[in-house]
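In the two complexes that follow, chain A is the common piece, with chain B as its partner first and chain C second.
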Partner chain A sequence: MAAAPPFPSEPPACWHCGQPTAESHFCPSCRRLQPPGGDYFSYLGLPQKLGIDLPEMEQRFHSLSRRLHPDVFFQRVETERQLSVEAAAFLNDAYRTLKNPLTRAEYLLALHGIRKNDPRISGAPLELLEEVFELKTTLDQIRDGDETAQPQLVQAREKIQKLLAEADRALDEGFANWDATGQRQTLERIAAVLTRRAFLRKLLEDSGVEPR
Partner chain B sequence: MSDLRQSEILLGIDLGTTNSLAASMEGARPAIIPDAGGDKLVPSVVALTPQGELVAGRPAADLLLSTPERVVYSVKRLLGKGSAEVAEDLRLFPFRVVEGSGSVIRIRLGDRVFTPPEISAQVLRRLKANAEAHFGSPVNQAVVTVPAYFNHAQRQATKDAGRIAGLEVVRLLNEPTAAALAYGLDRRKQGIVAVYDLGGGTFDISILKLHEGIFEVLSTNGDTHLGGDDIDSLLTHLALEDILRQWGEDLSRHAVAVAALRLAVIRAKHALSTMPETTIRFTYHDRHYARELSRPRFEQLAAGLIERSLEPCRQAILDAGIDIRQIEEVVLVGGSTRIPLVREAVEILFQRKPHTELNPEEVVGLGAAVEAGILAGIRPDLLLLDVTSLSLGIETLGGVVSKLIHRNSTIPAAVTEVFTTAVDGQRNVLIHVVQGEREMAADNRSLASFDLKDIPPQPAGKPRIEVRFLIDANGILNVTARDLGSCREQSVEVKPSYGLTDAEVEAMIAESIDQAESDFCRRLLVEARVDADAILAATEKAMGQEAWFEITAEERREIQAALNQLRLAYQAEEHLLVRRHIDMLNQAALGLAERMMNSAVKAALQGKSIEEV
Partner chain C sequence: MAEPEKPLDHHNSPRNVGSLDREDPQVGTGTVGARECGDVMRLQLKVNEETGIIEDVKFKSFGCGSAIASSSVASEWIKGKTLDEAMALDKTEILNELSLPPAKIHCTLLTEEAIRAAVQDYKAKRAGRRASSPTKR
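What follows is the complex of A and B.
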């Protein structure tokens, strides 16, 4: 799923009592639930880091669900019931997006205005042209009934898998680097790796084509 | 308002394919509400009596053998569907679908026609009445369960049924999730559990994580066309073929015979859950059919259907992102899980003995009551986090689906998309929303078309209409739109692909009130006629007695005239008229009755009993 853009910042006044809300889930003055806002990390009370302690995040998700879920607001007025649907939907999307490291990274990139390139649009990254060419030739041979190309296909697949593993390692490094330094250029590097990775996955899918 | 909601009784209802039941919280625990006769289960059967009264439950089921053409069962299979989608059901079930039924099916019952939500509403009305009698106060709200794999239209149809029955469906709850709530009530249960729910007509599998009172659904899958009904149909057809061979007669066109045979095979199916063999016995017009059926033969027949439940289980495990060995327990739900082969299949797939301590027919209804308890604030320790079972997408160029909300996303779930125009000055944008997992829109279930109307004329690509798709906690889709240029609410016209429009539901609610009135009038007429029968019979009997000749000729003429008039009034469909003439006959016969009483006293004094007079 495409990373949602950060929510437009809401006026920080409570819809009910007009007091400042300090951007928390509930108004500190009247305790009314507020419309969801801010980014997914802050909504879950997490720093903008790419390394996440999953059990801890689950704990936060559960305890926030207990406070925001529509079931808890069943006996409240319509406005608050509607707000709880919005808040829970936002919380659920936040948890779903941050749970998976890839969507988490894409979301963080989007927060920083960096978009991962779509491999279907931007084509093959230059450094992978050789692999693409090799694979394409092999696949064509197999399609034409040349069974001797089978070992080459197996080889090509292994190579792509090796490159994928390398991409995953590069991502891990990039994640750690971002968490340590917070440098924008790290995010740009991560974006490049994500593009590369998406392309490799597509190649691997393509290489699964059975000979006719 | 909040006080009002609080003081009301909130029912939990399991609206099943075969049976339904209502439950509510008694303190912190759920309890089933029995009907006046002590029955917990209400058969999901609706009938139009020969007197023209709509009945549901046991009285309706009792009519199945005498007037099957006025009875309908398993209507849940048709909820939220168009006639093109139910061809298979129509082959196996004696539904009398009216020709020309389009996006909403219409079923004939005697001389009247009903939609599936109206039929389901009768069952709900019956449960509501049982509960009202039980509590001695009105009940207007309920949590109603649906198969997890029900799509938007089927859910909407269930809600419509509630509205028609005068019940606000405050929450639609997935059946396996409801079962998990009842199972995990005492909070001792922790870890990952699977709920395998094979009911009368539908199959669901859900994988949940139970953690300190939170029930988080990880994944769900299923088949809305798989259940015990299918086994019954299979056995019925087998027996019909047998009978054709043995008697040389095709009974499949005789509704009464098929209905009786179906009951016979269901009895045999039930027997085989506890015994190694049984006999299907069936009598029709003094001819007897008997067929030995062993459990192995039965299993051979049912194996294919049971096998069909296993692939959704594997998919659900995969989607949950867990290893099969992480599943702590498999909970069995639905009457069909009493079949030993089902239990074996589940045990082999999940590599553990399933949990069978819960009553598979009651656990879903109990769970619905628990959810009602959560909503009412009685069980603040529990919380359910459910998912949407089907992906939601929109049709894009070339008929390809662009997925907006993926299946197994925790609900509520929302996503916003921005749409624009393709032609200069374009005023409308049509968005086709589908539900399902396939790549092409045509292969998925069409939900609705949303027409963004009255877009201010601008160059192509200039307008920016933000559309928000929200799946609420009921699994129902809500769509709103906003013009980003003017920041105004954009009007959206919804054209549901299947199901009733709001106006149609409103009309049905109005009609059902009229209907309830006419049902009531009909009952008054029936009662008046019963009384008329009694007085006519008594008067006719008295005419031959001694007392008849003791009264004056004038009296005799008056009685005769009143008698004839009552006979005439009897034919009119008007209970007040019948009542008036009963009174007139009573009045005219007063003298005669006095004489008879005197004779009776005399007779009593002579040592005769009153009955002999």
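What follows is the complex of A and C.
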């Protein structure tokens, strides 16, 4: 999910005519396609907000897709044909990442250097881990039991679903807060909720219920 | 002549699965988690106060067989070692022992973290006792 390298500090220049491109998809001077770069938000012409106007994004995606499609470039020189393949791939990655709110949030966190470390070993709070551990232990015990344990299983699943719903609400709040204030600590809060949600979701899967 | 440990062995018959009494002042408890796969692991060690040697190790891990195998290997190794030696255990040693597929390499990191958390918990408990203050959980 890494972004392409950011544009260098000097204004980027067109590979064909040398004029400044102002980070456009196509050179303003000679109209040649430029290599994809920058972040997914700007490539789709969107602000770095977590609340996205999905229909607008779809429209931008489709419009850009048509302009970047490799077939459009079949008569151009090799360089530009190759660039169209890269650009289309980058556009698809951008769209897929930003369309889903969870991957959108994770991507924004990465852009701001949060959770740069191995994402698989989390800095999850001890209380969360202990809670998950106890829930898993309970689930195991219930599963090893007989049918009389079924109500307990249902109860445990309901508890997990409730915790998941709370996490979703916290995420919604976090998104709105980020869009309104742009504060880094909001991102850190979102990171914590995403971690919590990931554990809870997995817990729900393990307990045999389709997570929402 | 001992046969080299096979990965299958640690997967199918993991060593040292279980738990110790976390209230026991000689026991350190570490609980760690991996966000992507949602695995949580608890590892506990019982330390001889006088010698500082790890006498017993128990762990409980949910889900991933590779995490269980990693901890099975590591728990055998750190028995009889000092706390410092246990802290120095590097995940690459576990990796070499088990030949895990690349997707499961992070499981060895989980084991390494669990051991360190357990050692730190033990040290904190001990420091708390020496200062005659209630241990913070």
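The rule is simple: the second predicted complex is superposed on the first by the 171 of 212 C-alpha atoms of A that agree within 3 Å, B and C clash if a C-alpha of one lies under 4 Å from a C-alpha of the other, contacts with A are read in each partner's own complex, and residues count from 1 in each chain.
The rule is simple: a contact is a pair of C-beta atoms (placed from the backbone, for glycine too) under 8 Å apart; a residue touches a chain by one contact, two chains touch by 3 or more.
Just so it is clear, the structure is predicted and the values come from calculations on it, not from any experiment.
Contacts of A:71 after superposition on the shared chain: chain B is touched, whereas chain C is not. In the superposed pair of complexes, A:159 makes contact with neither chain B nor chain C. Touch criterion met: A:136 reaches chain C, while chain B stays clear of it. When both complexes are overlaid on chain A, the residue A:96 reaches chain B alone and has no touch with chain C.
By the document's definition of touching, neither partner reaches A:81: not chain B, not chain C. Applying the stated contact rule after C-alpha superposition, one finds that A:206 touches chain C and leaves chain B untouched.
Of the two partner chains placed by superposition, only chain C is touched by A:195; chain B is not. Touched by chain B in one complex and by chain C in the other is not one residue of chain A.
Remark: chain B residues 1-2, 5-6, 170-171, 211-212, 214, 216, 371, 374-377, 380, 383-385, 406, 409-416, 470, 472-473 touch chain A in the complex.
Touching chain C in their complex are the following residues of chain A: 118-122, 124, 126, 128-130, 132-133, 136-137, 140, 195, 198-199, 201-203, 205-206.
Considering their complex, residues 1, 4, 62, 65-66, 69-72, 74-77, 85-86, 88-90, 92-93, 95-96 of chain A touch chain B.
Taken together, the chain C residues at the contact with chain A in this complex read 31-40, 42, 60, 62-63, 106, 109-110, 113.
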